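Consider the two complexes below, in which subunit A is the common component and subunit B and subunit C are the respective partners.
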Partner chain A sequence: MSSLPLKAAGKHLPPSWRIQDTTAAPYAFQDDPYLIPTSSVESRSFLLAKKSGEKAAKFIINLHPKYFQKDIAEPHIPCLMPEYFEPQIEDISEAALKERITLKKVKASVDMFDQLLQAGTPVSLETTNRLLDLLCYYGDQEASTDYHFQQSEKSKELEEATEETDEKSKKKAGHQFGVTWRAKNNAERIFALMPEKNAHSYCTMIRGMVKHRAPVQALNLYTELLNNRLRADIHTFNALIEATAMTNEKLEEKWNNILELLKQIVAQKMKPNLQTFNTILKCLRRFYAFGKLPALQTLREMKAIGIEPSLATYHYIIQLFYHYDAPSKGSSLVIYDIMNELTGKKFSPQDPDDDMFFQSAMRVCSSLRDLELAYQVHGLLNTGDNRKFIGPDHRRNFYYSKFFSLLCLMEQIDVTLKWYKDLIPSVFLPHSQTLIDLLQALDVANRLEMIPQIWKDSKEYGHTFRSDLKEEILKLMARDQHPAELQVAFADCAADIKSTYESQDARQTAPDWPANALNCIAVLFLRAGRIQEAWKMLGLFRKHNKIPRNELLNEFMDSAKASNSPAQAIEIVKLASAFSLPVCQGLTQRLVADFAISQEQKEALGNLTALTSDSSSDSDSDISEGK
Partner chain B sequence: MFPRVSAILPFRPLSRLPLCSGGPEASAAAIVLLGAPHGTLRTKDNIQRYFGTNRVIYCKKDGQSVPTHEISKEPESQDSEKENTKKDLLNIIKGMKVEVSTVNVQTTKPPNRRPLKSLEATAGSLQKPTEDAPKKRSESLNPELVAAASAVADSLPFDKQTTKSELLKQLRKHEEDSRAQKDGERRKISFGNIISDMKVARSATARVSTRPVHQIQFDEGSDNYVDQEKTVDLRKRRNIFKGKRLNIFDPKAVTEEAPETETAPSLWDVEFAKQLAAMNEQPFQNGFEEMIQLTKEGILWEFPINNEAGFDDDGSEFHEHVFLDKYLEDFPKQGPVRHFMELVTCGLSKNPYLSVKQKVEHIEWFRNYFNEKQDILKQSGIKFN
Partner chain C sequence: MAAPVCRRGLGPRVLSWSRQLPCTWSALHTSAVRAKNRAARVRVGKGDKPVTYEEAHAPHHIAHRKGWLSLHTGNLDGEDHAAERMVEDVFLRKFMLGTFPGCLADQLVLKRRANQVDICALVLRLLPAHKFYFLVGYSETLLSHFYKCRVRLHLQTVPSKVVYKYI
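Let's look at the complex of A and B:
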């Protein structure tokens, strides 16, 4: 397998011409080498720490602006000067109201508006509309700086997590995050107070209601807008489509209502935009099987009109056709059509959900076990500037983990190893499961000699104390016999792993070595000729209350025979009887057959075996061995 | 006729299937034809409906071209059926021949609508995506049959044309009926008028519209055709981009540039743009990207270094700074005041730190000053008006 010429697979080798230096840590982490993160958890805290430092500095500057007035920069650098968040205009006037709106002070604006009304000063329609915009966008809450971060992250994660649950429970979950539209809040109050309302007022109210999950009110308000013979703009229609999908009706009903809305868009001579279709597809996701045909019809409609679908469009379609829970029940070929269409295209940001595409595409490739498709997706990621659409850290890690696992599963080992060198650690830091997949790939390709190297790497990536990874490594090393040189390397690796267990013990009160680990380490020492250490391992079995395997004891017997030491052999038998192992009989026979032992020893053995054979049938009791 | 029939006979079963280009569409016909696996009633309805919407086009028997066309589309699973049906057909045609030769053509009873159990199996294996795009199957009646029918019509005392057309209609009906039940039942249906290559042209829209569930199944890619899909020629398979669309928007109307009123971006637009920009943020991949970002923020200068970066000077040119004589029009042309003001303008023209506005203000200030101090000037005998 390893002799296969790489040229054949050449087109899928990792691109080594990339700007990135694959031997270095990512640029964002290059500061003090001691601080370079080695696991994904560490890298997240590194980036957060860096960002929070910047924010803290900005906070102090803005808190005490009078100390930071010196401006010697020529030309002037506005972003380094303190920002003013407090309104400067103190009197009650429309200008003051406008200032507060610009500064996004929700409560202050509402108070100023009320004061103006009390004073009898009329507020212009435009300013009132701007105030309504502010209230509706932030849902009558203060606009905090991480408002967006909270809203979008939480809603997306909850969306992914609760996709399987039905509508009702999702509604319940919905109340726990984000802002909900309270009845008779300031926006509604001010809206009612307005002497004249134009289309913009209605539109912004509708959009606010939909954003904060009050679909019924939004639809009612839309009826009112129509009654007043006003025209809604396309953004409002997009919000109404979302509102329709949020209502409690049957799927058929909802779809018909959405189609009705689209017809109204045409009747009012408005032009749909990309958001219109993306909103429809986003809502169709929750229609599950019923939504598949409408989704494709929507996609075709989009293309027919000449609106180019964005990555978010394709993401919704993939989510609809390749649902989490039903992985390959009737696998669709939709993804192939999509990838054929997208290959070579460069994208610009058009929808906030554009960065979800690559993650879902790779998830599908992984579940379909299609490596060619994965290469296509990865090629698209590397086209032009598309790598900006990989999304935040956790999404990038997910993408690359899935990609690399697929490579381990399906690709030739040499190409996989090339990708390993290329991606890790400069692009992503591997999870222990990724390394286990790599180990299994090495096993399949019969390249177990790379295992000590992988262990070394694992330690670097913070997996020193991962027991599943260590057990996998030990298991693979100990499974078969290998040539002498390799055995030595394996034994060194095993010794290293042993030391990690020991240091773990030192920290914990209840030492817990897994039985597998003990067995494997002992066998590896034995095969490499490190007999002393192997015997020490046997002693550890007792200490940790683990039972040695039959094969292990047999190997010990072999080694005792090789070194011609009956004393060792007797030790083994004693140990076996101490554990009351059924193999004790077999061992005793071997002992008697292969070794020259004295008569007394034979009698002692006889007692031992008698005791063992007795007690093996009943429950174990602490019968001391020997005479 | 017999040798010809037998020659064409092997191809006969193929013609059953929705032939022509467009396997997927074809299978729609076959499936509806063979009856839905939904029980008797549905089968009945489908078959009846099929007949009701049938538009038959007669064309001459076209022996050679059709078979080759059909063979290429035939999936393997049809082979076993073909064998059995071949035998049936032979027998049927043998029987038919005898009937046709009699003057009194008896129209056979419409075949029994028994539930066709094996239809489900065949429908399943035949199942291929059905999409709109009407495909036609042309069918022709044996000219001899037609001749026989017209002979019958002649012999009967009724209106010849109507009789003849009715008889031919019946013949067609039986043909299609028999084909529908061929796969299911091995029992002999006395077609009475099976001809080796009868082709029926029909529009497929009616069929397609009655099976929305089926269409949805296609679009999701149903189970039993997952295995076939990879081997099926991709050209034949429907692309997700081809097919029915909502037909709500008119492409021409949408691409027209409608006059849009330009309004200032509202809070919604601004925040949406910010969200998009935030989505696209990635940590810097190298020092150049960091420097680009710093340059955008204004912290780093732009290269090549522009000495006047960020300095506009209100758009004024050098001559506005240097030639300030025009502001001296209000001052006397002679005398110490003038002399003084010329020195002032000379100094101002060499001053790089003031804007043109500021220089003009300077001169204005002097004018005001001299205006106020008119009496002192008068005392000294200097004219200033």
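Let's look at the complex of A and C:
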């Protein structure tokens, strides 16, 4: 695959038909400079704040539904009516149990079931199955823990139970991650109490056990199912495949067990669905190198049966072949085959993991440093409705950061700048690392005149106090000599950066200017002819205990010569000797040679150089230059 | 009102015994009361009272120098429910005044377009931005559920009340 950086200009420009307005922030935000987010952290916090406001409003509405009953909408809008979360039927009957199950109240429905059994009323198989569904789905915890403040006065135990679950779920990311299947919990108890069980009961129990990480019990229950000569449905088989992969056996054993299950599916004349294959691939991810051949076999089998793979399928394959712990260990060409197949296809959501595809594809492109492939992936993203699969904020930011970094690395600078205008800030807000990549691209392409503009943009994106970004900017500006107007622009930019350091100083107790920054700012002032400010910078070196570089002192000497003032030159030499720099001697010689100084000054200089030449021999070893 | 001045025969008629002296005693006034119009006007003071453009102009300047604060089609020929719109307006203004405590810099502008209500508010930068977003989400949802139609909030922030002149 050729990845030449030179390509015909205009071939891969950002599309001009893009639906989004590139000059505006996303429309979810209010259109006001104070209310537009400047970094990805802020944008996330604003959207979360808005959502929490909506939830607070819904809480109030559901707390006082009688004020929101007046229905003036024609036709009726059900989503704008208050919802009822409390069960209405109070007596002990099967209808009450059904209502509690519909309202997803786990504890209340279990209590109602127990009361019904104690009263002696038989509960129908269907309702018991629905109760089992509820219990297995939520793993015997309360359903919606985020509405836990919506409780009636009498359920104090409920409050304690939800506090426990809150603590458990606070530890993990999602509110179901921390839920494990306890032995002898309500689901198992009710299952044991059932007088007759049908296939549905067994299947839902198995799926619940697998969801909440109890694979051994699930497999045991499956054997019991087979002993009762019942048949499992395809979803249960998917769960069993996952259970097999979760057990603690060797990889070949696990794979053989999975193949056994697949044979049983065929024997029962059922057709596997997309979820079956996706589950197999998801489990194969953990098999590392062993899983590569079976994964390809699975993919071929899928196509042979005629099931269209979804984006999640390809995501699992990419993860398997391009594991990010071992980036280029025998990097395969699978990604190119995948992209060739996927180009131009439109997808619809079929698997919860579909939105991980673009992130992993772009990660691979970035590690392979292949720009053509990245354009292919981006083209796929823009086909049809595939934009929906970009995923939540952090995934989108990751995708675009990697894409833009790759562009900075590999693409011509004009095209990169066009993408820069297109993507930032309407699609994603850049990290400081992205901006540093852009600066290095500008450096390579010799377009350093854009640097003041980039600095202005960085301030807008909240990177005013990022020292690595500022040091990079200063370093690039100060490295070479430039024509006069550019030098002036650079000096203005340096003054601006200096003021940000100063305001940072005012806030902190221990001022900390990096020596690099001091050096670069001083050089830039000198070159632009702002001599006074440059001399002030020299004073700052002393104050912050940082050492000026040799080249800097030489430049100061040059400027002193240009302005023909021996006093300044003597100042420089004094400063150099105060820092005990070895270059002091060279400077003194220059001073004597180029300037006309009086006799006392020469003697004073003589003393200074004597001091420094004595101490320079032992300070040579421990001088720490620069930082 | 003590001295009777005859203006086109419609001046205040005061019963007085003498025609030569100006009346300085309290007498019975029998003419109609003509109170000054006080609607939506800020009375002129010493020159230290800051007023916004909206407050500075009296209602007779609407459609000449001012626009409307509430835009709906209820007052057009053949359209009805103007009164309901007015009641909704009152509720919306009170609601916003309470929800954004001390933050509103000027009167709300309410626009009704198709089936949605756009509330355009000028707010001061008293709260941090995420608190504004919380209040926006809250008001939009609550008002949408109350009026069974989409309610959108458009905020524009200003650093302080925009003074037009000092009167």
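Just so it is clear, the second predicted complex is superposed on the first by the 573 of 627 C-alpha atoms of A that agree within 3 Å, B and C clash if a C-alpha of one lies under 4 Å from a C-alpha of the other, contacts with A are read in each partner's own complex, and residues count from 1 in each chain.
Just so it is clear, contacts are C-beta pairs under 8 Å (C-beta built on N, C-alpha and C of every residue); 3 or more make two chains touch, one makes a residue touch a chain.
The shown structure was predicted, so the numbers you read here are calculated from the model rather than taken from an experiment.
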- Query: Of subunit B and subunit C, which one touches more residues of subunit A?
  - Reply: B
- Task: For A:35, select first, second, both or neither according to whether it touches subunit B, subunit C, the two together, or no partner.
- Result: second
- Task: May I ask you to decide whether A:137 touches subunit B, subunit C, both, or neither, giving the answer as first, second, both or neither?
- Result: first
- Report for A:80: first if it touches subunit B alone, second if subunit C alone, otherwise both or neither. both
- Looking at the overlay, does A:49 come into contact with subunit B only (first), subunit C only (second), both, or neither? second
- Does the superposition put A:271 against subunit B (first), subunit C (second), both, or neither? first
- Message: Quick check on the superposed pair: does A:60 touch subunit B, subunit C, both, or neither? Answer first, second, both or neither.
- Response: second
- Query: Looking at the overlay, does A:290 come into contact with subunit B only (first), subunit C only (second), both, or neither?
  - Reply: first
- Note on the structure: Shared subunit A footprint, subunit B vs subunit C, residue numbers 47, 77, 80
- Residue numbers on subunit A that touch subunit C, as the complex places them: 30-35, 37, 42, 45-47, 49-54, 56-58, 60-61, 67-68, 70-73, 77, 80-82
- What part of subunit C is in contact with subunit A in the complex they form? 125, 129-142, 144-149, 154-157
- Task: Could you pull out which subunit A residues touch subunit B in their complex?
- Result: 19-20, 26-28, 47, 74-80, 130, 133-134, 137, 148, 152, 200, 204, 207, 235, 259, 262-263, 265-266, 269, 271-272, 289-290, 292-293, 296-301, 303-306, 317, 321, 329-334, 337-338, 341, 349-352, 354-355, 387-391
- Can you check the complex and tell me which residues of subunit B touch subunit A? 212, 215-216, 219-223, 226, 229, 237, 239-251, 253-255, 258, 266-268, 271-272, 274-287, 289-290, 297-299, 309-311
